[in-house]
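One chain, subunit A, appears in both complexes that follow, with subunit B as partner in the first and subunit C in the second.
Moving on, here comes the complex of A and B:
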């Protein structure tokens, strides 16, 4: 018997005991109809070959371990960034259970969101009654200031018309006529979670700016000197938005963060559950029309939103998840150019500190090869930073990246001597990445939690940067934007590099001559 | 210790009734009427808990439930490790359910086992418009090409499949023929079917009946020689290794476990199950259907059991042994005696720290009742419970064998109700899921996830009970819960005099 009360063994120790090992071996031998271990070994080796890679890359219809989610997840993420806003997803209810779980597993925070719980009868007759009842219930129970509606693929396939449904619901008294119910169609079979973010945010802004679905006059833009800021779908939203606010305040810029979910995904434990916290006020969302310019940190999260804003007369600028010195320089100089505010001394010092840190440590990163995967903008931002560290982002893969993204990535590679052997892979998944790592190995992999399977299979050490990160805690609280954010990313990368060197040099009397105390 | 345990049963009942009335006030009239049927205070001696169940969730209330796909892919089929389960439709469903249920298994992932992988047909707009059958056929071909050691394929339908009229059964038949009778199972578990995960379990069970059992060949029959002591574990998903810490006890008492449904299970084990002498059923809710079918078709008896906590484990071991000869009965007694010192030590260590503590549960499957005994073994009391997707037979079992007089019962609880109940009752522990965890922790209430075991486990069996006891102690007695209120909030204000 291995278990004992004094020192309770967890699953990772318990099942290694001889009784369990024998039991599992017997199960396999007698009942599983398992393949011959030699055959398993042969296929395992074959799956590492260029021949397998070719087959793998010839796939046309099968997706294996994708690095993307579906639209409504992004819609929920954007919606909770508004004051007192309850996301309402019209369609099957299981989807909402999934979005809530997914976001909560990453942020270790509650995620409030409701569903219209459509079932078979709604599939036949449409979900109008679900919308009517659902809005009334949500409004009464959760006292939101706004309900932001998006859709699951079920509602999209049967063609439910949100605009008409919401109007009818208001006529039936589900919510007051003046109550804000912006909406966005977010079909899961188009784009990914970044598309859903874009659609939902555009839906909300359009609601406030363009007359609330014909119920009020459209707003007239009266330009002021404010700047709107959009973060995009971002696993680091808590740390990042706070860092951006600090930067704006240091520069003396008057700003509005649109979809500011930095507080709702970081509420205190003090005895009170806050279903809503912080967020862009509805007044600010409306007034954002008057701003001088809107800045998006992530181009591919905001394509429709920015073009909508631009059509209302604002200057718009999109970045690609800027990380590191040059990308942050560019961001700050753009801010300065648009607002006329100077970049303050403190930020210049922070820049100098990041450069200092990079200079101190670059010898350990220089020339190292990396594979990166994630959302298109994140991939771009991380690749930029690696290039300025003298590292090579050899494989950059984005399941939700498109042809235009690929060209942009290739142009980035072409701009640096360290990018000459680097390639971008749009629309590919982590099973493709597996083949890349076997056939063209790199030193490190950067990606989300799911990268741990690649780390296990290929031995490529994983640096966890991305979304979701389920198996490490609290990283979302630290920014990756701004010079401070660059510092955090640098340290994350360096920590892994040093840990790997230590791990590879710690065999007593064999390799530990290199087990250096100073690195 | 919570207020609850210092009150009389009559007081508790009155308070609980008042609480129910209070939460119902928030709803529009129609909704209040519907929700009222799902909330009740248990009266001892009644045959069920007096609540309606397995009805549609109400739109907009923040139900905790999932869908039929979650019940089929996420629960029943997903853990069959040597098959590839295609999440057929858009990318999301497979993505959100990827690896999060902790169905442990042994195998070389990506080569001969596929449990923690996400295979999807990743539907695009053109697939919705033109149908996805050709795509599905190609997906199967590509799986065969890249994963030659897979033992079978299941097609887990997402919402659009049933709506656009795809014929996944026809594709499955054609492809099965093309690949020499390969097991290819179409599952109609579209998320809009039914009212919760529950129908997905049923549909998944039926798919095993129709597409696995009905195709068993003489070759699969000959894989091993049956013995009089062959049993199958049904309805254990091996979360954190639960089925393993259960299997070991059954083997120690002289039984031979020929199949695990479906945690760490394989297609061969499904196929072998009709040879079992007894099916032992843990999660009744998700796998009673196939157990009944095997009883009718193959004459295999089944019995429910409960491997949470030493009292229920001993009771269950005896119950299972009662289907066999004296040798097994004696061995069962020997197993109970063997583990007694471990159980005594666990209880001696943890019971004093947990005695009298109150618990509120809201979970799925079997847990809203099955874990009650384990808490009671530790001197704790479950004062509220409810099922995410239970049926009346679950509430009957709960009323007849588990809950105490006055227990608050909430079926398909809404976020609002659960918060209010916990806020007012102030239990010492809440056990529910990831969506609920942080809500209650913010409120300063200790919490354990009772779906995933909060990334711990196993909780089944004697080995699992030690972990269960340790985890409950660590949740309730964590020093952090004393720090949720800033000390200056309670401190008397310094007076001006003192300041001078």
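Moving on, here comes the complex of A and C:
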């Protein structure tokens, strides 16, 4: 036996043993009826050609390796950002298990979220009973302060009416009549997780501001000097929101973070399990209507939310995931303009430090070509930073980007001498990216964990920035916003660049004449 | 130490050094290294210079005898490329401990040598002396002599402890070690009329490999290179070369001139930086070889190669000319590079606003004059502050210098490019100059500089960033008395208590006048908040020397 109880091998090693290798080889030779390896190799090479790329881009129906997730994922992400809030997804339970594992694998934290566990009979007769029982059970079992309802496709296809269902459930005593149950319809066949974030957040705000589904009078806005802040769907929420709070406090701004999930995705280990932690209080969510303005860090995550807020008389400003010096300048100056607070010395020093770090290392980034994929705002923010560093974001691809996003990206490229050979690819997937990387190679790829397949196939080194990052731990704890966040992104990029130089010079006696200590 | 000081004297008395030749006998005796000013920033020491000069020998074990400081800070700090062994990158040190300082480190050194031989079997070991063993009297020459006899291979002492002087002196002392123990100790398998030595070429970033194919093409053999990608055996045979080129202008001039003296190998000072210099050097090598018996047709072939390479490089540079129009360069380097790079940059259409001539010879300076005209801005010794001011006033669009002044440029938001030893690119030869021009272009057009020069956008637009920082410079530039810091003349001012900068005078006065006998008393009297143990001992000594009643009173 290759495996041995006295020295149990891990699977990396085990299946390399002669027995297993023999077994796999036999299986292949005797049963698999595999193609001729030469033919396989030929096709593999062909898939790298411009001819294949053309066919690949002519693909109409099939999506291969999409870089996006579904609406309810975004809805759950937004919902856990409110005090004591249990996300409740009306639909099939399997979907909900996915959101929980997806978020937990990225944040390395438990994700509390329930479903109405609809089954075949619910699909036939409607999910009302599941809603009634589901709300009652989750209210009694998990003692939330609020239950935020969203939907999976199953409920959407049969057309369950959340507003009516929740009203009926309350009438049937599932939860007290005054208990807050905001809701949002979040079908996966429309948009992506960023849309779901938008819908859920709007649902919650609308619930508090516009009379809780007709059960209370609408709130009257009495303007004050507070600022609402919305981060959007963001894999770096833990680090980012804490950084943003620090900036607000330094500037002396009174603020409300809407959907503040920075604590629930980073609970301390001290012997107490926190099903809920931190978050925007329900009172603050309601009072947010009085704020002077609302700032969103991610335009495409908050389109509906912002227009809803604007319709209530607030000033709204949207950024595109600002990363780097100019984008952060713009963010801070907007804050300063809206609040009248000056930008403090400390932030100016942090700015100087980031600029200094960029200057120290710019020669290594300058002129390098990058491919980026991810959510539309993240792509925009990173592309801005790369242009600022003199790098070329040659391919920028966003599966959930739309036409408007494409135009915005192209305008950004046009604004810089480094953007002249750059292109935005809305609605494309990672198989398209594969063709791009083969036919128009770049130096580095920026994307989430799934980019590792592209890295392996095309040999383009992957810099992990985005969501989800499953195979590297704790990056979400470090901000990418603010000048300090820009510093983190800079270091991440530089680390990869230097690792690559080392990798390319480390063959003993062959290339190691340049395996230098000082870079 | 007598032999070491004799060696140093010898090194200073360098006949081939123009500067030295023009000096009076007394001045010559004083030596050419500038006395360091205590309290001022300074460069590397003699040990560093010696290590730098020899470290690129690749198949040699470099063993540093001393506490961890010397090797710990200098391990693998230069990017010389090796085409063979990587033994030179291995860090060997005796890592002396307190007990070695007390009982002497010679045995430890000997054992370390033996271990290296056993484990690595190198062609030779270079043993570097450092301050601590030199001060306690470890005789590395003797240890190496015994070790050579017992181990049956060359163990070379490199006697340049840090305190003897500057980096430059250290390089020269390293050269002396080569002359004394290595050069001429072996014979080559064969010789050709085309054998040359390169002296002071370190193959940084492998840049010499950009030139070597040209020499190969012409049939010129580099018999030995001191020391880039060098082999011990090659240096040992180097006395059989027909001619030598001294690449890095001054630091190993003693090697070149003594080889001329002893073995009749003529040498010239040349450079492969820039198109013109590369061509001139190739021609000069050919000329010297022909003079020493190589066939005259070598020159014709050289001219063909030169013409071809020049044309290629010029064509490549042409592209950059419009991009460089009106761009000004400040060059802070020294020696040969102060003019060889100038020529190259001028060819690409850059304007040179100044070049430092700190380590340049009269001849170097003459060449600069020829290249830049009579209003040539030659800067003798550019202090960082002057550099800072120059850049602040935006007199240059880019500064080319070594890593030492990198931050002066960066902090003034001026594009900067490393052209000294820590650079990551190879700038030598015809290809190298194109690479340099490319890198300058990249540096000049990097978008970060705009960002750097802009104030934070919320700052008052009237107070421009430049004005602000210039004001800063003005405040910083208070007149500093050049004699300030020369403290030897007054013994009383010598600091006894480093802990609080109390000076001996004050303390003595305190001991005498007030009868202070304990540190507490002194601390009180001198208003020093804290006095360290060393001071305590010093005070004890002083009070012991005061035969007064205060002592009895204290008891």
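FYI, the second predicted complex is superposed on the first by the 511 of 519 C-alpha atoms of A that agree within 3 Å, B and C clash if a C-alpha of one lies under 4 Å from a C-alpha of the other, contacts with A are read in each partner's own complex, and residues count from 1 in each chain.
Everything that follows uses one rule, which is that a residue touches a chain if its C-beta (ideal position, glycine included) is under 8 Å from a C-beta of that chain, and two chains touch if they have at least 3 such contacts.
The structure presented is a predicted model; accordingly, all values stated were derived computationally and were not measured.
K.L.:
Between subunit B (first) and subunit C (second), which, if any, makes contact with A:189: first, second, both or neither?
P.N.:
First partner only, subunit B.
K.L.:
A:338 in the overlay: touching subunit B, subunit C, both, or neither? Say first, second, both or neither.
P.N.:
Neither partner.
K.L.:
According to the stated criteria, A:366 is in contact with first (subunit B), second (subunit C), both, or neither; which is it?
P.N.:
second
K.L.:
Report the partner of subunit A that touches more of its residues: subunit B or subunit C.
P.N.:
The partner that reaches more residues of subunit A in the superposed model: B.
K.L.:
Of the two partner chains, subunit B (first) and subunit C (second), which one does A:390 touch, if any: first, second, both, or neither?
P.N.:
In the superposition, A:390 touches subunit C alone.
K.L.:
In the superposed arrangement, does A:457 touch subunit B (first), subunit C (second), both or neither?
P.N.:
In the superposition, A:457 touches subunit B alone.
K.L.:
Would you sort A:357 into first (subunit B), second (subunit C), both or neither based on which partner it touches?
P.N.:
Touch status of A:357: no partner.
K.L.:
Determine, under the contact definition given at the top, whether A:250 touches first (subunit B), second (subunit C), both, or neither.
P.N.:
After superposing on A, A:250 lies clear of both subunit B and subunit C.
K.L.:
From the superposed pair, tell me which subunit A residues show up as contacts to subunit B and also as contacts to subunit C.
P.N.:
After superposing on chain A, no subunit A residue contacts both subunit B and subunit C.
K.L.:
Residues of subunit A touching subunit C in their complex?
P.N.:
325-326, 329, 332-333, 336, 342-343, 348, 351-352, 355-356, 358-360, 362-363, 366-367, 387-390, 416-418, 508-509, 512-514, 516-519
K.L.:
Flag every residue of subunit B that touches subunit A in the complex, lowest number first.
P.N.:
These residues of subunit B touch subunit A: 26-28, 30-31, 56-70, 82, 89-93, 95-100, 104, 106, 108-112, 116-125, 127-128, 135, 138-139, 142-143, 145-146, 148-149, 151, 158-160, 162-164, 191-195, 197, 223-224, 240-241, 244-245, 247-248, 251, 257-260, 264, 266-269, 272, 338-339, 342, 345-346, 348-349, 414-416, 419, 433-435, 437-444, 456-458, 462-463, 466-467, 469-470, 484-486.
K.L.:
Could you please specify the touching residues of subunit A with respect to subunit B in the complex?
P.N.:
1-6, 8-11, 14-15, 19-20, 23-24, 27-28, 30-35, 39-40, 43-44, 47, 52, 55-56, 59-66, 68-70, 72-73, 88, 91-95, 97-102, 104-105, 108-120, 122-123, 130-131, 133-138, 140-142, 152-154, 157-158, 187-190, 192, 267-274, 431, 434, 450, 453, 457, 470
K.L.:
Where on subunit C is subunit A touching in the complex?
P.N.:
75-77, 79, 81-83, 86, 205-206, 410-411, 413, 422, 424, 439, 442-443, 445-449, 451-452, 456-459
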